[in-house]
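Both complexes shown next keep chain A, but they swap its partner, so chain B is in the first and chain C is in the second.
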Partner chain A sequence: MGSGKTALLERLIPSFTDRGTSLAVITNDLVTREDAERLQRSGLIEPRRVVAVEAGACPHTVIREDPTLNLDAAERLEMRFHPLDLVLLESGGDNLASTFSPELVDYWIFVIDVSGGGDIPRKRGPGVLQADLLVINKADLAPHVGVDLAAMTREARDVRRGRPVIVTNCRTGEAVDDVVDHIVRNVLFDG
Partner chain B sequence: MTDIRTLLTALRMGDSAFPSGGFAFSWGLETLVEDGKVNDGAGVLEFARSQLWNRWATADRVMARRAAETACDEEWSDLDRMLDAMTLASELRSGSCQAGRALLRAHAGLGSQVALRWRRLVADGRARGHLPVVQGAVWAGSGMTVEILETLSAWTLVSGIAQAAIRLSLTGPLESQTILVEVTDDIAGILAAPPPDEPHAFTPLADIAVMRHERGDVRLFAN
Partner chain C sequence: MLKLTGIVGMASDVDLGGTLHDLAHEDRVETIVLDRRDMLRKRLRTVTDKGTDCAIALPRATTLEDGAVLLLEADRAIVIRASVETWLHLKPEDAAAALELGYHAGNLHWRVAFHGSLLAVALEGPRKDYLARLDAFLADGRITLVND
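Coming up: the complex of A and B.
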């Protein structure tokens, strides 16, 4: 929660648009439509390509135990904007135990941030361990919140046993290109 | 006596773990809580009873039964259109369709031929996929009797409300179970009598709440 998922989307969308990728976005806002509306108003993407799916206060259920409403939203976006190359789905966040169903996504990114605490990786939450890509965001805040970023990143790499970790600052765009490259290679099978 | 396999099928499909998105809908309860109209378990019970007697028994049940008694695409489309036309609040319509499409997706994924046919109707724009009509068609296609599928339809409605009440901090899990015990007699009473000849519904407080939900700031739920 508050780790920078929407900020990452705001960086990813123009990158993919520049590549000519046909894109749509689904947000699972927990309480409001704020994330969806923020993207719709951003000017980065046609507003109709962004839809919100309410999670009934069940942010984990809607991406794991019962992803049918997200799948339905993706299918309707695909029908409306056929052909789509990429659908980005932002979960409502919540906590370290959230994971995505393989019936919902082909690839998932788990976003944490340094201000959440340098000990997050070593808590070995399923999200940190299992995500295809772990993003550690807000790198610039590390000295201000007493976090040893190098140690946090090292521990993240250790617990993930070779799975990729990228340290970003989504506010400035630092290392976001690396995230794009991962998606391009592993989801779009391009490059 | 009900065949054990049918009973197990009904239990599986009525389980909140069956992946058909039911957890995301409050059917007006969220806004009634926001507006201070429902504040506790007694209010939830009253809301559930109103939904059962004034919408489910008189409209949803009729549509589910009619859908179960035909296997004709045209008739299914007609029922779907009729339910769409008689549902005033936008988020009641969209919620019913969203939930219906989710149910279709799950059953199609499990190989239901009826669900696959229905998904084509929706994809072709010949039906929107309203939940009660889909329930009747798909559950009958799964071998359920009208009596069982009507019970299942009523059960998923009230259990969804009881679960939503927990997440809206109105009740604890045991109080929600108590509400489900309370409405057992209501469901049995409704099912003991034949449904009305023509579908109709009158739940003005909930309908207005659903309309207000469209513009509400807080929306944990889709309606």
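Coming up: the complex of A and C.
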């Protein structure tokens, strides 16, 4: 929790808007609509293009075993804003064991952050191992929390055996362009 | 980039088989090897064994499988192949160990198969990662590894 998923969305949205990508966002909050409301108020995106799916007590279920609610939300967005090029979905209450159903998402970004500890990659959670893209956020905090960022990144690359890893700072937007490039290439099939 | 938007048939189909066989003789069949997870995808950027850059974009209701033919042209075909799976075979010492192991494997969301008194675990990552999770079980002999 709090690794910077919404912050990353706030950076991604303007980049895709600039590219002319028709975009919508689904957030999965536990019982509130906090993230959705934050995005709707941000002025970055037409508020109606952001919807919240309330995951209730079971945040994993809606992204893995039973993605029906999220699929419905995506379908409704697609109907209303047809044609949509991209739907970004933020999971709620993530932890290291969260995974996404490939039925629900075409591309899965796992966001961890430096302040969670340099040993996260070594713990080899399924998100760290399997996600299409691993983002290590809050690069700026490394010196403050005593994390050797270079070692953490190396370890992440190691355990992911060739799958990409990007180190970002979503406060400043550093390396967010790299994340956009990965999505553009692997999801939008552009470039 | 070559865009592939559907399954045109199965390599095992009688009417496709002959054509594929002829193309294969001329070394014109390209394969895309996918693991089980990638097989579940509807959208995927990947390369064939001959290096062709492919963008697979399937309808939501279509599912890839071993032998699915995604392209069939006079001079080229592209076929999906499932990568070979490896399994870890575990033998619990007794019923109590079996219960515990089953609970543990479920907790870790491991994909398993039941082979009589053995539990088979599909390796979807490095073998040593799986063994590390089983450390305590192996150390006190509650389970043993069975060679396959």
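List of remarks:
Going forward, the second predicted complex is superposed on the first by the 189 of 191 C-alpha atoms of A that agree within 3 Å, B and C clash if a C-alpha of one lies under 4 Å from a C-alpha of the other, contacts with A are read in each partner's own complex, and residues count from 1 in each chain.
As a working rule, contacts are C-beta pairs under 8 Å (C-beta built on N, C-alpha and C of every residue); 3 or more make two chains touch, one makes a residue touch a chain.
Bear in mind that the values here come from a model prediction, so they are computed numbers and not experimental data.
Partners chain B and chain C fit side by side in the overlay (superposition on chain A). Panel annotation: after superposition on the shared chain A, the angle at the CA centre of chain A between chain B and chain C (CA centres) reads 80 degrees, nearest 10. Residue by residue along chain A, chain B and chain C are tallied for touches, and B comes out ahead.
In the superposition on chain A, contact of A:D66 is made with chain B only, not with chain C.
In the superposition on chain A, A:T32 makes contact with chain B only, while chain C stays out of contact range. By the document's definition of touching, of the two partners only chain C reaches A:P102; chain B does not. Look at A:M79: by the touch rule set out above, it reaches chain B but stays clear of chain C. Taken over all C-alpha pairs, chain B and chain C come no nearer than 7 Å in the superposed arrangement.
Of all residues in chain A, only 97, 99, 101-103, 106-107, 124, 126, 129-130, 161, 185-187, 189 touch chain C in the complex they form. Residues 1, 3, 37-38, 40-45, 55, 57, 109, 124-126, 129 of chain C are the ones that touch chain A when the two sit in their complex. Across the interface of their complex, chain B is touched by residues 30-33, 53-58, 61-62, 65-69, 71-72, 75, 79 of chain A.
Across the complex, chain A is touched by residues 17, 19-21, 23-26, 98, 101-102, 105-106, 123, 164, 167-168, 217-222 of chain B.
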